[in-house]
Amino acid sequence: MLGMWTFLITEVLFFGGMFAAYAVYRNMYPDAFASTSKFMDVVLGGTNTAVLICSSLTMVLAVRAAQLSKRAHLILFLILTMIFGTIFLVIKGFEYHSKWVEHLVPGFDFQYDEPRYQHNAQILFFLYFAMTGMHALHMVIGLGLLTFLLVQAKRRIFNENYFAPVEMIGLYWHFVDIVWIFLFPLLYLIGHRR
Amino acid sequence: MPASLTLLLADLQLFPPAASAQAGPIDDLYWFEIIVSAIMTVLIFAAVILFAWKYRRRANVRATQIEGSNVLETTWSIIPFLIMLIMFWWGAKLFFAAQNPPKDAMEVFVTGKQWMWKVQYPDGSHEINALHVPVGQPVKLTMASEDVIHSFSIPAFRVRHDVVPGHYDSLWFTATKPGRYRLYCTEYCGNAHASMSGWVEVLNDRDYANWAGGGSHGSLAEQGQQLFEQNGCSTCHLLDQQGRCPILRGVYNKPVQLDDGRTVIADDSYIRESILDPNAKVVSGFQPNIMPNFKGQLSEEQVIQLIAFVKSLSPPTPASQQGGQQRPVVIAPKAKAPAKAPAASAPQQ
Amino acid sequence: MATIAHGTPEIAAEEVNYLNVEHGWKSWLFTTDHKRIAFLYLISITAMFFVGGTMAVLFRINLLEPEGIFSSETYNRLFSMHGIVMVFFFLVPSIPATLANFLIPIMIGAKDLAFPRINLLSWYLYVFGAIFTIYAVARGGVDTGWTFYAPYSSTYSNSYVLSAVMGVFVAGFSSILTGLNFIVTVHKMRAPGMTWSRLPLFVWSNYATGLLQVLGTPVLAISLTLIAFERVAHVGIFDPNIGGDPILFQHLFWFYSHPAVYIMILPGMGVISEIVACFSRKRVFGYNFVAFSSMAIAVLSFFVWGHHMFVTGEAMYTSVAFSFLSFMVAVPSAIKVFNWTATMYKGSVSFDTPMLYAFGFIGLFTIGGLTGLFLAALATDVATHGTYFIVAHFHYVMVGGMVMAFLGGLHYWWPKITGRLYPEAWAKFAALIIFIGFNLTFFPQFILGYLGMPRRIHAYPPEFQALNVLSTAGASILGIGYLIPMIYFAWSIRKGPKAPANPWGATGLEWEIQSPPTTYNFDETPIVTKEAYDYGPLEEVVG
Amino acid sequence: MSAFHVPIPKVGTLVAVWATLIVLTGLTSYVSYFELGEWNIVVALLIAVTKASLVAWVFMGVRHSTTLTRLFCVAGLAWLMILILLTYSDYSTRNWTYQAQPWSTNKAAGTSR
C-alpha cells in the first residue's frame, strides 16, 4: 500500500510538470488562452467529470464489497466502474474528434480561426492534448487493471483477508479521478467568460 | 619535444586579464572564495592526515568510542554558514549592480546565429565575430538569437549572458584597458559551436574615432528607414498623420495602451514583438490582423535596424532618456490617439 | 587485511550461497533475488561505464591539439554520449542499484526487498533504456549534450535525439522503481529492534536517495516527453517561433537534474560513512547529524535548481532566492565532511584499500563542494558559467566523489558479494593511480575555466593548450587506473582467495552472515539489540 | 494486508460524498458563467481542491490511514507546489527591475588590476 502511495506521488509530479507548463503559458498568453476556451465543450467536460465521480463511487463500493467478501457485489461494481470509465473515454473520443475536424490538433495542420492567436493557441491546445491525453492513457491503463481484477474476482481470489490489489487499484483509480478534477476547471472553465 | 614543451609553456596563462570595470570587484570575490576554500581544504586535509597518522592502528591501542558533540556540530554548522552568507551577499550585490546599464551607455547590437556573432553599431557599420569598443565608455549589448540558445561571453570582462531566441537579452560593461580579448559562445549550440568565437578590441579614444570613421551604408537608423519603405511599412504607419496603423513618431520607450487594457512600454522588446508577431499586443483603438506577420521575413539584424529607425523618430530629450525605467503613469501616449475608436482611449489613465 | 585469508581455515567449499544455488542463464535472467539482480546491475553499469569512459578518453585525445583532431561532429557526439551514458546509465544507478540493492535488505535484516519482481523489472527497464541509447550511438549518436536543451534538441539537431531520449525516459522509470522499492523496504521490512536510530548510515543515505528518485525523476520524464512531442509533431511547446519558451524546459529539466546530482552523491556519502567507521574502529561521530544531513540534503536539493540558470535571463529576484538556497544546501554537506574527519579522532585507523578511497573521497569531495560555492554566488557564477570551471567542479563531485565512493564500497563489500578477496597490493596501487590521474585531469580545468575556455568546444585557443595537454595526460592515467581494478576483480571472482564472513572486523548485519550470503540472507530473522556501529565490544575480540 | 485495521466505510457516507462531489461539479460549472475577474480562478481551484480532498479523505481512505501515508500525501503536494511556485516565481517577476548603483566607471578604472 505504501508502494502505491509512493507511486502516486511520482504520478503527481509527472502531471505536475505539465501543470507547471500550463501555469506559465496561461500567465504568458491570457488572451489567447481565453480565446481557446470557446472550443472547450463545458457540457461534455462537466458530464465527463460527473461520470468519473460516479466511477469513483462504484470503485470505492467495489473495495468495500471486497472487504466484506461479497463477491457478486465486487464483480458488479467493478463492471460498473469499467462502464463509467468507458463512457468517459467515449465522450473524450468525441471531443477529440471534433477538435480533429476543426483542425485544432497541434502538429496536424493546425488552423485557428483567429490569426492573432494562431501560434499561442497552438501551444495551449498542445497542453490540452498532452494533459487530457496523458490522463486518458492512465484511464486506459486503469481499465486494463480493472479487467485483471475482474478476472481474479471471478476466480474467487479475494476475500476479507486478501483484497490488497483491489484497494491498490482503487487508489490508482481515485488518483486518476483527482487529476481530472483539476483538469476540468483549468481547461474548460477558467477563462470561458473572458 | 623540449622545444614544443617550451612553446606550450610560453603560452601558459593562469589567470585571465581583468579589463573591465566589473572584473576587479568580481575578482575580489573570486579571491575571497579561493582563500576560504584553500583554508578549508588545508584544514580538512591536515586533520585527515593528522588523525590518520596519529591514530593509526597499533597492536594494543584501542579506539576510544565517542558519541559526538552537539557543541562541535553546531559550531561547524554555523561558522561555515556565516561565511557563506558573506559570499551570498557579496555575490548578489555585484549581480544586482550588473543588472542595469548607466543611462549614457553606448548601445551595440549583437545577433547570434549558428555559428557566428554579428555585431551592428548605431552608425550602421557591422562586423562578424568581432566587437570594437572604446575604453572607459559603458557599452550596452542588446542581443538576439536567430535560432538556438547561445551565450555571449567575454572572460576578460567577466561578463556573460545567454542569448535566448524569442526576445532580447542584454549585458553591459565598461572596458578599462585597451587591448584584444577573446569572446566566445558558451552555450552549446550545435556543430560548429567552437568556431563561434572572436575578438573584442578595446581601443583608446583616438583609435576608436579612427576605426569608427566609415559607415558607408548610412547609420543603422537609415538602414532601418530603407527597410521600412521596402517592406511597405510606410504605407500604413504614416509618419506625420494617422494612417491605418499607429504613428511611430515619439513612441519609443513611451507607455502604450493595449486593446486588452494593459499598458506596456514601447521598448526594444515590444517593438521587436510588434514587428514579428503584430497581433500579440495590439495598440488600443486599432484593428488586429491588419499588419502582416514578419516572422521569417526579416532577420534579427533587420529587426534591429527597424528598431533603430523607430528610435530615431523619438529624438532623445532629457525626459525620454529617463522614461524607460519609470512607471508608465506620467506620459500620455501619443501613439494611441486612434482615428477609429476615440471613445475608448481618453479616460483611463 | 587481505592477509587474513592466508591463515583462515578454508570455508567449506561446497557451502550453498546465492551464487551457486542455481545455475544456467535462466536462473539469472528470471531471478528475483536482490543479490543476483545487484550482480546483473553491476555487470551492466560496468559495461556502460567503460562505454562512457572510452568516449571520454577519445574526446580528451581530440583536445590535445587546439584545432582538434576529429571533426567537430564526432567530438560533439562523443561528449554528448559520454554525458548521457555516464549520468543516466552509470552515476544514477551506480551505488543504489548495485551495492544498495545488495546490502539494504541484509543491513536491515530482511530476506529481500519489498518488491522483488519490481526490482527485476527495474533492471530490465535499465537494459532497455541502455539498448535504446546504444542504438542511438550505433546510428550515429546524439549531439545535444546530456542536458537536451531546447530548442536545439527539439528543433535544430539532426542527430538521433528521439532514440536517446527514449532511452533516458525508460531508464528513468528504472530509477523510480528502485527508489520506490527502497523507500517501502526501509519502512516496512526492518527486522525487530532495527529502529531508525540504529539504521546504518548507508541505509539512511539510500533512503534519502530513494525519495529524490521518486520525487524528481517523473519531472524529467515529462520534460523529455515534451521534447519528443516537439520533435515529432512541432507542437511549439518550447519553440520560440510560436511563443514557446525554451527556458521552461530548463526549469523542468533542472527540477530533476539538480536533485539528480544528489541522487548520485548521497549513496556515496553513505558508503564513506560505513568505511570510515569500520577502518577507524569507531562509531561515526555525530550519527544523528550525519543521518539528518542526508535528509536535509534530500529536501533542500529541490529548492536550488535555479542556480543553473543565472545567466539565462531568469528573473533577478528568483535568482537571488536560488543563490541563497544553494548556499543552504552546502551546510549539511559540510557537516558530513567534518563528521567523517572527526570520526578518525582517537580511532584506530588502518589503511586498507577502501579506506584509501574514503580518504580520496573526503579530499576530492571537499574541493568539489567548495568550488560549488563559486557557482552558488551570483557574480562568480556569471564569470564561470558554461566554462571548464563547471566541468571541473562537477567531475570533482561526481568522479572524485561518487566514483571514488563506488570503488571504495565495491572493495569493501567485494568479499561479501563474491566470497573472494582481491589482491590488496594491486588495489592500493590502483587507488593511488586513480587519485593522481584524477587530479591531473581535472585540476587544470578549474584554471582553464576561469580563463574562460567554454565547455563542449572541439577546438580552442592555442594559449590553453598546455593545460589541456596536462588534462589529457591525466585522463590517460585515470583510464589505466580504472582498468586495473576491472582486471583484478575479474580475476578474483574465479581465482581470488576465499573470503571469511567478516574480513574487516566490521559491525553490521551483513558481516554476521556467511560470504557470499545464502539466497534468503538469514536463516531466521535477526533481532537487533545494538546500534549500527558498535565497535566498542568488537574491539576486544578482533583487536 | 490492511484487512484488520481498515474500518469498512458506510455506504451512506460514500453516497453522501458522491452527492457532494456532483453538486460541487455543478457549482463550479455554474459559477464559471459569471464574470468574477481573477476570482474565477480562485473559486474554481478552491472547489477543485475541496473535491480532491474529499476523494482523498474518504474514497482513498486517508481518514483511516497511518501518519506515514498522510505524510506521503502531503509530501507529494508540497513537491508539486515547489515545482510550480518556484518556476512561476521566475516568470512572474521577470519584469521587476531594480535600480542598483552601477559601477562607477572612473573609480573602477582606477583600481583595475
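Letters A, B, C and D mark the chains in the order given here, with residues in each chain numbered from 1 onward.
FYI, a residue touches a chain if its C-beta (ideal position, glycine included) is under 8 Å from a C-beta of that chain, and two chains touch if they have at least 3 such contacts.
Because the structure is a prediction, the values reported are computed rather than measured.
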Checklist outcome for this item: A student comparing A-B to A-D should find more C-beta pairs in contact for A-D
Item to check | Identity of the most central chain, Cα criterion | outcome: C
Checklist entry - How far is the middle of chain A from the middle of chain B, if each middle is the mean of its Cα atoms, in Å? => result 44
Checklist outcome for this item: Expressed in whole Å, how far the mean CA point of chain A lies from that of chain D is 18
Checklist entry - Quick one: chain C and chain D, Cα centre-to-centre, how many Å? => result 34
Checklist entry - Where the centres are mean C-alpha positions, what is the separation of chain B from chain D, in Å? => result 35
Next on the checklist: If a residue has to touch 2 or more other chains to count, which residues of chain A qualify?
Outcome noted: 2, 6, 9, 13, 16-17, 20, 24, 28, 119-120
Checklist entry - Which chain C residues touch at least two other chains? => result 187, 215, 219, 241, 243-245, 247-248, 251-252, 255, 313, 316
Item to check | Touching two or more other chains - residues of chain B | outcome: 25, 96, 99, 277, 280
Checklist entry - In the complex formed with chain C, which residues of chain A make contact? => result 2-3, 6-7, 9-11, 13-18, 20-21, 24-25, 28-29, 106-108, 119-120, 122-123, 126-127, 130
Checklist entry - Tell me, which parts of chain D touch chain C in their complex? => result 68, 75-76, 79, 82-83, 86-87, 89-94, 96-98
Checklist entry - For chain A, which residues count as touching chain D in their complex? => result 1-2, 5-6, 8-9, 12-13, 16-17, 19-20, 23-24, 27-28, 42, 46, 49-50, 53-54, 56-57, 59-61, 64, 67-68, 160-164, 167, 170-171, 174-175, 177-178, 181-182, 184-186, 189-194
Item to check | chain C to chain D touching residues, read off their complex | outcome: 187, 215, 219, 247-248, 251-252, 255, 302-303, 305-306, 309, 313-318, 321-322
Checklist entry - Along chain B, where are the residues that touch chain C in the complex? => result 8-9, 11-16, 25-26, 29-30, 33, 36-37, 40-41, 44-45, 47-48, 51-52, 55-58, 60-69, 72-73, 76-77, 80-81, 84-85, 87-88, 90-96, 98-99, 114, 147-149, 151, 153-156, 158-162, 164-167, 169, 182, 184-195, 197, 277, 280, 295
